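For reference, the structure is listed below as structure tokens.
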Amino acid sequence: DSGAPTEPAVSPTAQAEQGPVAEGGTLVFGQTSGVAQLDPNTIASAAQTQLQTLLWNGLTTWAPDNTAQPDLAESWQHSPDFTSWTFNLRSGVQYHNGKPFTAAEAKKNFERVLDPEVPAQVATKIDMVSRVTAENDTTLVLELERPNPQLPAAIVDVKMSDVDDIANVDRNGNGTGPYELRAFVPDQTVELVRNEDYWGERPHLDEVTIVRYADATAAQTAMRSGEVDVLAAVAPDSAAGLATEGRQLLTAEEPASYVVWELDTTSPPFDNPVARQALSYAADRESMMDAGYAGYGIATPANVVVNPNNEHYEQGLPAHQFDLDKAKELFAEAGVTEGSTLTFWTKSGSDPEWTTIGEILQQDLAKIGITLDIQTAETSTWSAKFYPQGKRYPGTLAANYLSFTPLPGSYSLAWFADQGTCECNWSAPAEYNQAVATIESSAEGPELDTAITTAQRILNRESPIIVVGSTAFLSVAQQNVRGLWVQAEGTVHLEEAGFAA
Amino acid sequence: MTSSTSSTAPASAGPLLSRPAAVASLAVLGFLVLLAVLAPIVLASPTEIHPRDAFAAPSPAHPFGTDELGRDLLSRVAYGGRISLGVAAGATVIAMTLGVAWGLAAATPRWHGEVLMRLADAALAVPIVLFALVFVAALGSDLVAMTVVAGLLMAPLTARIARSAVLAELASEYVHALRAVGVRRVRVLFGEVLPNAAPALLAQASLNLATALMLEATLSFVGLGVQPPDASWGTLLDAGYRRLYESLWYPLLPALLIIAAIGALNVFGDQLRRVLHRGGA
Amino acid sequence: MIRYVLRRLGVSALMLLLVSILIFVVLRLLPGDPTVARVGAAQNVDPAALAALRAELGLDDPIPVQYWQWIIGVLHGELGRSYFSQFEVEEIIGQRLLPTFELTLAGMVLAVLLALALSVLPTVLRSRGLGRLVDGYTTLGMAAPPFVLGIVLVAIFSVRIGILPNEGYVAPAENLLTNLRALLLPALTLGIALSAPLIRYLRAELSEVEGARHVRTAVGKGLRRRVVVLRHILPNAMLPALTSLGITTGAVLSGAVAVEYVFRWPGLGSLLVDSVYKRDYAVIQSTVLLLAAVFVLVNLLVDLLYGVLDPRLRVGEARR
Amino acid sequence: MSAPEVLRVERLAIGVRHRGGTRGLVHGVDLVLRRGERAALVGESGSGKTLTALSISRLNPEPTEVTGGRVLLNGTDLLAARERELERIRGARLAMIYQDPFTCLNPVRTIGSQLVEAIRAHEPLPTARARARAVELLGEVGVADPASRVGDYPHQFSGGMRQRVMIAMAVCRAPEVLIADEPTTALDVTTQARILRLLDTLARRHGMAVLLITHDLAVAAAFCRRIEVMREGRIVESGAVSRVLSAPAHAYTRQLLGAAITLDTGPAESGAIEEGDPLIEAIGLTRVFGTGVRAVDEVSLAIRRGETLGLVGESGSGKSTLTQLLLGLDTPTAGRVRYAGTPLDPLTGADPRQRRREMQVVLQDPVGSLNRRKTVEQIVGLPLRVHTRMTKPARRGRVAELLDLVGLAATVGTRYPRELSGGQCQRVNIARAIALDPSFLVLDEAVSAVDVVTRARILDLLRELQRRLGLTYLFVSHDLAVVRYLAPRLAVMHRGRIVESGSRERIFAEPEHAHTRALLAAVPRPGVSR
């Protein structure tokens, strides 16, 4: 079963077609998981990220090239050592409820995110912020305990909302964004209408409706019957079929998402790096990308969470090329002998690709006498097994999907470090922690490059998790949709969307 | 009197086999069972993967095409029948045993009958999907769990049907007469009423078999399926349904077999009931 | 009669109490953690924040305390707050109640109409051919899982012909016509799925009653076949079918889940499933209690109706 | 004799589908009815009378079928007619009174609505008028307080009352031909007389032809001009009543006449009555139904061991209800029952099972009392299976013996109740009741549907049993001659009360109560000397 990897039938692009855009219209955006609540700083599911740039603004925002661009902050300066940042905010901006947005408001939002009691995901990205000061209405100063040259990117996801009224955020979606909330039915629909008082360029659409389909087939049906204009996260093997009749297939320019198997590096057998390596060699990544992702993915035999197309990708990493004999040998060395059983822990009901690649591994392991017991569980049970950090799950491969920002963003590498939250419970060697600290605190330069290389080498050698491939969410838009673009971790940016004139 | 011999005993196979519908349904069921039994002898391996041949269209080598890993769909479905039919049969046995005992116990006019019935009602009042999900999460997924869960889920309804069938019989005049004759209550229940309620119960059993197949599909949908690489009709239907637009063949075969099996079961149950009914007016 | 009704009401209340305990306990025995689901399996939340969330949601209290607080709230009409959105549970349920009510009612009515028409017609016409056709319909209807049925209908009416929307609930107050158009396919799916077992039941009963002697009397009076069937066979056959309809409400509510899913119908069924996946106990327990209450009520009504419709069972008169 | 023919049955043959073929039940019956004519059809129980009657309007039950012959109603062949045409004929021109009054009414609809329906079936009368007519009809057939009972359901009516409802239903349109299948079996003599009068008036006024199926030769003689005697599916003798009854040609007819019991028949000698405590005793029994009907009102009575008590009274007077109370099958509103000195209460009784074994009953509804899904053999064998340790072959033998005792062929054992005639069902009930040699036996209209020959045989059997085993009987019947023949002591019920009781000699010679006198006066006597 070897040969050239299949080429995907339809190649995706990161941007929707260009062209004149009409004013008005309602865009229906479909996805298969629901928006459970609206608080932009304590996100409950990936589905919610669609709203981040519609209802809200941060001080900065992503540009398609993965750089942080001005948003509510018009400009910023930093001290030479990157420990003090001054953001100059726009004036005259208001929340949807009419309350003016000022630096004092921004301070409240930052402080809320940094509050250890608030489960804000973005907190870890800005945990070096030690003091937030509003110098005047338009000047916000962030002081850091560690230097962070990437701070503007790190704060993209700190969205500005009326903290004083945060208890009602699900009712009013109060932000400063181009659209405001009209109706919200948890897990079903979020209806947005144009914010006529938007401080920026006037949005094209009258309304954006985000709807949720219970299963991918129903969603596809809706796409085919034209009920929905944009469908997010379509299954890879259905992408090509859906992207016909002029429909556009979209994905990130440089995907930074990965299909991985998380391992508990504190319990046997995977407390032994040799066992982890053995597993890495046993993974037929090419076949898995073909069968599970219809060719819309890149195998990552270097076993690092870096897209091989990224400029910081270390080309010289030894590849864990599929080699069952070697895997068998390494397994034996680590005490995983013929007749052993491992567990493949995956989700039921969604992400069927994980099971597909699990079955490939199952077949291959069977050839070297190891039984792979595939167990599926619905999402909550699935996550409870290995999440949050610190759980023990011996002998288990927890299939998962990780999204990061691309290098040189430090997040993907920092996640494995001691202060990171990788559920692999890996205690990184000092050298690795050192490298991460350097990456976090250095601007562009050879120092940064070396640290990035070092971290990748250690990951490749230690294999705290198995990285099967780099893939990205695929989205499909109807032919007449314009102005969309897809961010590296998959979010579809709708803020400038409209219909072809 | 010249009146001579008369009707045959109700349960013999003769009258059943003289009904074309019964024969046809038996033939379908027989074929499905045979397919499941003979699968290992005549068909390709259901687990051998050829990722490059994924979603192949029907061909002589794969009469119904292949799945996402290039496995032969026909043999996967044939093997799936072993699991699905086994689960359905097991679940029905559980549901009937439990349900009929429950229903009979609940048919007593005393307080514990009432309590038992309310218990069944309480169980029925909670939507089946919820219980299914809860069981899924609590028990994890495997064949035995699925059989037991499906059986348990069907038991309360069976109990209610059994009870109402029994109560309807208990209300008839002949029970009155039997009580006058001095037949013990238990005897009336088991010897007279239950056999009389048999058509209703048989119909329920065939319904249960059908429901079990359906439940199997539904449970697979929420994740309590058999574990890969094995597959039941339900998991195959689920997998195929998710890839409906990639390969129409994929869901078609399991769907057809499920429908054929449930249909044949219903028809057979119906015919059986009618034959038994010959004994009554 | 009044006493009987009161007793039945008491029993029903007790039953609901039973359901509430059952569901409460079962839920807490589930693996999985609402707080984990709340923050998503995001890769970076501090376990401390999770602990804080647990405390805030009251999940640290002992189970009996949690139960007590909930049930006291229920009695006051306060069902608590979702662990996810900031909506009160009654508000969430309120959002979903009307769609489910509309769908199940339409489905039930359709099912009953279909069942009556399809079971009575072959009997009135004494047409074996038609009977076979109807049997074929029930066989298919019972054999096809609702989600398959739904998808087939959608494929035909929405994708192929494109005359009916396959989704998109609009509140009837907002636009009744759009609402009804959107209702058509899901209601039909539910109706077909439900009608099949009803027809099966009814047809069996009809053929049983057909042979009864009182039917012979009716025929002997010279009544038209239609009249004989409608007045002397159907009413007697419908009595047992009524119970099955009552029990079916449970199935309706369950069946609605699948249909709501396929047609993106914002009802209680999908709310329930989503909440289970999220372990949003606050929403699950109250929703289940509500559904159970509906079920109990419907069956109570059926029982009472049974007593009214079947004179032999009218309370206090039966010779036992 | 020049009245035109209305109904002509020619060589009517009926069979039952059986194992691919048909087995004959009725073999070529010929009948002719002229306008206004009244003919009686008598004969052996199970000889095919009911089947013949039903087949005339093509209502014969599955799986029986007409295998030959013609049925001409005013020249139209009903057997070849379209269903639509039959609908117009049935009820309007050809009506029928069915033998089994218990199951022939729709249990879930009121008496009134069923009557109204029959009235309106062929004429669009306004409902209100039809309803008024229904009440009137009920009154005509002798239902007391018809206006308030018209809304009752069948189960709230006594056996005789249901029979009368059916009669009302049949005659409401004054059909050209009325087929009455044992229309008075469940009726006391006064009501019977009233019904016969009603039929007589209708026949005269509208020229209605009546085919009366009966076991009661006296009734046949009083009401009919012609008689047909049927046996084993064939008419064995026919002719003018006077001729046939006085000079019977066929041996079977002679047998019939010989077996008839009249008020002149000498009573059977009875067994010894034990002294001491009564076997069964009722004290102040009262039963008030939910409708307010006081069916049994302060009844006290005692029956001694070995005694036969005859219970008579007009239809609806509470006889069946009283028997139910005595047997503990219904709970009294007030009063007590004691059996062999112990209170009859399921909770306190010493050994309810043993007592059940001792107390047996033949219920008035002969068909409904049999489990429709069991064969006769299973039905009769059940008490043996429950109460004895007989082996299967032994039980088989005993069942065959019992069937033979009540005059049923052993082959009946494999049949289901619906394959039996009314009288055959009744006999199955009797066989079951005596299977265990009980000590107390309640017989509620137990021999009303069998021919006189069989009846004589059963009565002999009962007497024999009593003699041998000291059995105690409560014998409920409307047939005074039979009661007189069998029961040395009688109780007369009227409106829920026992208005009179005493020895048969006294009651028949000098009845005290006006109601008793009315009863006695109404007994029909065969108006022919033999």
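The first chain written gets the first letter, and so on, giving A, B, C and D; residue counts start at 1 in each chain.
The rule is short, and it goes like this: contacts are C-beta pairs under 8 Å (C-beta built on N, C-alpha and C of every residue); 3 or more make two chains touch, one makes a residue touch a chain.
All values derive from a computational prediction rather than experimental measurement.
Colleague: Relative to the centroid of every protein C-alpha atom displayed, which chain's own C-alpha centroid is closest?
Modeller: Closest to the centre of all protein C-alpha atoms: chain C.
Colleague: Have a look at C-D versus B-C and report the one with more C-beta pairs in contact.
Modeller: Output for the comparison: B-C.
Colleague: Take the average of all CA coordinates in chain B, do the same for chain C, and state the distance between these two points in whole angstrom.
Modeller: 22
Colleague: Any idea how many Å lie between the Cα centroids of chain B and chain D?
Modeller: Centres of chain B and chain D (C-alpha means) sit 47 Å apart.
Colleague: Taking each chain's centre as the mean position of its Cα atoms, how many Å separate chain A from chain B?
Modeller: Here chain A and chain B have centroids separated by 45 Å.
Colleague: Residues touching two or more other chains, restricted to chain A: which are they?
Modeller: Chain A, residues with two or more chain partners: 215, 217, 224, 378, 380-381.
Colleague: Quick check: what residues of chain B touch more than one other chain, meaning two or more?
Modeller: Within chain B, residues 133, 137, 221-222, 241, 244, 281 contact more than one other chain.
Colleague: Going by the touch rule set out above, which residues of chain D reach two or more other chains?
Modeller: Those would be 329.
Colleague: Okay, in this complex, where on chain A does chain B touch?
Modeller: The touching residues are 1, 3, 6, 215-217, 220, 224, 235, 237-238, 241-242, 287, 290-291, 347-349, 352, 355-356, 358-360, 362-363, 373-378, 380-381.
Colleague: If we count contacts the way the header does, which residues on chain C are in touch with chain B in the complex?
Modeller: So the residues of chain C in touch with chain B come to 11, 14-15, 18-19, 22-23, 26-27, 29-32, 135, 138-140, 142-145, 147-148, 151, 197, 200, 204, 208, 211-212, 240, 243-244, 247, 250-251, 253-254, 257-258, 269, 272-273, 276-277, 284, 288, 291-292, 295-296, 299, 312-313, 318.
Colleague: Quick check: in the complex, which residue numbers of chain C touch chain D?
Modeller: Contacts found on chain C: 211-225, 227, 231-232, 235-236, 239, 309-312, 314, 316-317, 319-320.
Colleague: Taking the touch rule as given, give the residues of chain D at its contact with chain B in the complex, in rising order.
Modeller: That would be residues 18-19, 23, 25, 46, 102, 232-233, 327, 329, 352-353, 355-357, 359-361, 363, 365, 368-375, 382-383, 385-387, 409, 411-412, 414-419, 429, 432-433, 436 of chain D.
Colleague: Which bits of chain B are touching chain A when the two form their complex?
Modeller: Listed in rising order, the residues of chain B that touch chain A are 47-52, 54-55, 68-70, 133, 136-137, 140-141, 221-225, 227-229, 239, 241-246.
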